[in-house]
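In the two complexes below, chain A is the common chain; its partner is chain B in one and chain C in the other.
Coming up: the complex of A and B.
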């Protein structure tokens, strides 16, 4: 019997589909991480590098770090405008946390948003919308043949 | 969304320095492409991947003594030795152009075909294996790497072995003969190949370059228009070279995930068991198992592959090792797990020491 792979999304987060980032609101700050589908589609994440706090004002889509997976080095791109207040050292030491715990210990940075309300509008939020976003992405990735080789049975769970 | 032009810019260069060659590749990303640059470095230079620890990959003392330049690529992957017999391929394009791939798997697959088509023209029948290696009959002939910036422009890098001084490469990558069991060295040498070796004769780099150029033109169905670097571009490259690729802060940059290596030697009822292991943080980066026990090579390779990327916890290692022992000529799970943990302990102790692995030294 084929093994079923479960891709989990947290329903308390906002998601930026093109950046594969999640955003968690914490008072007037935003905790940011890479969503489970982004981590899984990248493969085993070997290294990450994060910009030190308060270096510059980020715009949406601007790089705040890089990751390496399977000889690919790519930008980690901001889902919101703002400045970095804190960087998580844990995945710098152990990048595998992004694959094993992307919504918990694998968080990346905390941002102080500059246009919070405005930027949130373009993010995906709410169980139905998240499920639709994730399912459409999975279908697209499957059609493009870019899912990992073990992606025979895939289940998206929003909880 | 704009469409991909049917004419790409084409650049050829030879004998470039490490810093100038890398700076040119990165600078050309600012043009957003499409550009194909086929070039060689001045013999020799050692280039590590973006996230590698230079001191752990390269024998810096040997490089200083022999005048081998050391630098860091913007792309991922392992350390490589480049010179006049290794063809560098830099392809720059934008994922924001219609029909141009975006995901790394698509980029490797699409542009790897240009390399394959070029090799085919030379009579070398290669294939893309393990997502991003180009191999001939299981032996690696070209290593691929990609980096993409926040604007969606990517640099697809290839080092193609036209010929190679394997002993020099092993020395540069800190695999000096006295450190290596002959068996391990032979395996390292046997797991790579070159265009010359495949064709059984000497081949000029220019001939390989022509074939690769035509290979890309055919697979991408485009024309290549030779257009050298203009004065402004040369100035931009020189600035990038001076401010980044000639700076120790880039070449020897501090990395958050340190590499470390360890070895272990253990007498077992099945024979002597020797392990070479490298760690990236708290997980196994690579492991090589050798010794004089009698086991099928493929079974050893399967275990080595299964151990890569595993966390260094005894239970996790035992769970990986256990299903493999039956095919390992009388080795027991506890011997293997013990040898791995010994090597891990040594790696922790020797964390500033060198790592015996490079792009072409995948001894599996």
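Coming up: the complex of A and C.
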């Protein structure tokens, strides 16, 4: 019997669906990472590159790093406008942290947002909206053959 | 003698289990993940799986006997080959048969290999009619066994010769690494396979970067082609912890140039006499009509993966995406038809002005001497 795969989302985060990024508000800063579905769909993550903190303003959708999995490489894109204040060294040393702990040890950067309230509007937040986003993405990935056949046993959990 | 201590049950092995590359597992929908640039892989490679692994000790191979670690944890061509139940693999091959182009059984040097290969072919053939290749382990084979593969439904045989000279073979796979493999036995199996399976049904895997010169590689390719045997190029990529872990990869320039010249020789667009070598066997200069160069770059087949074909389309099925380079690096062999931007990159990487005397002379067809070497 196929085992059930669980994909977890945190309900205290905001999500940028097209980039699979999560945003966690911390005072006037935003901690950013890749959500569990994005990590899973990429495959086993083998290498991460991140831009160092700089004054340069990131636009929404601008690349601030790259993710390389066994058979895939893609840009990590900013979900908010802002500048990078800090970079997490842990996933640079151990990229598999993104697969094993995407919301904790596997965070990527801390941003200082410049248009926070404005940018937040386009992000997904709240249990129902997150479930809708996840189910649409799962359906898309299933159609594109990115998920294994036993992903029919997939369970999305928001907690 | 009874010790009173229960022995651990042996772990399952082939034919109950097989190892499968990450790429094949993605394509068969056995694992989550995606291919950069939406590569389609229709050639599924499996590797026989035994607790004690391969008995050979090739200097560049992740499965080498003396490489540290348990066999099931060893990577092969730099990626993990997780173990899957054979029934599950066959079930997925049958389920996705319309997308699949070929099933390839890679043997390892182990006493059970021949028996298990036959068992797998029979089980696989009972469920699908996808063509089957065997990438064989010559030390275990003879005429009778090769004939059994053919009779059971295998249509292509691959021989992982890897080195094209006896010197490099002994250095990387034979006596010098206590490998136990014999150059003459490999050739015996190549020619037996050619006899049994027929023209263009046998291929020799050749790894650029093990120590053979450009001249040796290109002359080898030309020689086996004349015998209606394919030479499939692979680009050496050092396997961590292997004896060649710190050896350098061939430069992209050298690799591209060998791809191009091999292809032009195969297609009879140039003659071996059109290539001049330096004292170390490196390509020094080649004379090629500009029209031929443009034809090769724009057609781009020269730069795509060499591998066994699908039956329906004749296109390469075993495209081994990102097998000898990381997805974040420039492609070595393209697992798809290169785009216009890719072809521009290929042209730059070839640095034609350094070594190629292109002429504007019009190309009038074959200019090759077809006589076999004496």
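Convention: the second predicted complex is superposed on the first by the 153 of 159 C-alpha atoms of A that agree within 3 Å, B and C clash if a C-alpha of one lies under 4 Å from a C-alpha of the other, contacts with A are read in each partner's own complex, and residues count from 1 in each chain.
Here, contacts are C-beta pairs under 8 Å (C-beta built on N, C-alpha and C of every residue); 3 or more make two chains touch, one makes a residue touch a chain.
Small disclaimer: the values here were computed from a predicted structure and weren't measured.
Enquirer: Do chain B and chain C fit side by side on chain A in the superposed arrangement, or is it a clash?
Expert: These partners clash in the superposed model.
Enquirer: One more residue to check, A:40. First (chain B), second (chain C), both or neither?
Expert: The answer is second: A:40 touches chain C but not chain B.
Enquirer: If you count the residues of chain A that each partner touches, which comes out higher, chain B or chain C?
Expert: B
Enquirer: Scan A:62 for contacts with chain B and chain C and give back first, second, both or neither.
Expert: first
Enquirer: After lining up the shared chain so the two structures overlap, which partner does A:146 touch, if you call chain B first and chain C second: first, second, both or neither?
Expert: Both partners, chain B and chain C.
Enquirer: Let me test your reading of the model: by the given contact rule, A:18 touches which partner, first (chain B), second (chain C), both or neither?
Expert: Neither chain B nor chain C is touched by A:18.
Enquirer: Kindly classify A:70 by the partners it touches after superposition: chain B alone (first), chain C alone (second), both, or neither?
Expert: A:70: touches chain B and chain C.
Enquirer: For A:95, is the partner it touches chain B (first), chain C (second), both, or none of the two (neither)?
Expert: first
Enquirer: Is there a shared patch on chain A that both chain B and chain C touch, and which residues make it up?
Expert: In the superposed arrangement, which is not itself an observed complex, chain A uses residues 41-42, 44, 46-47, 66, 68-74, 144-146 for both chain B and chain C.
Enquirer: Mind pulling up the chain A residues that touch chain C in the complex?
Expert: 40-44, 46-47, 66, 68-74, 144-149, 151
Enquirer: Contact residues on chain B for chain A in the complex?
Expert: Against chain A, the touching part of chain B is residues 49-51, 74-77, 103-108, 131-132, 143-150, 255-257, 280-283, 309, 311.
Enquirer: Could you list, by residue number, the parts of chain C that touch chain A in their complex?
Expert: 22-23, 26, 29-36, 39, 79-80, 92, 95, 321-322, 326-328
Enquirer: Mind pulling up the chain A residues that touch chain B in the complex?
Expert: The touching residues are 41-42, 44, 46-49, 61-63, 66, 68-75, 77, 89, 92-96, 141, 144-146.
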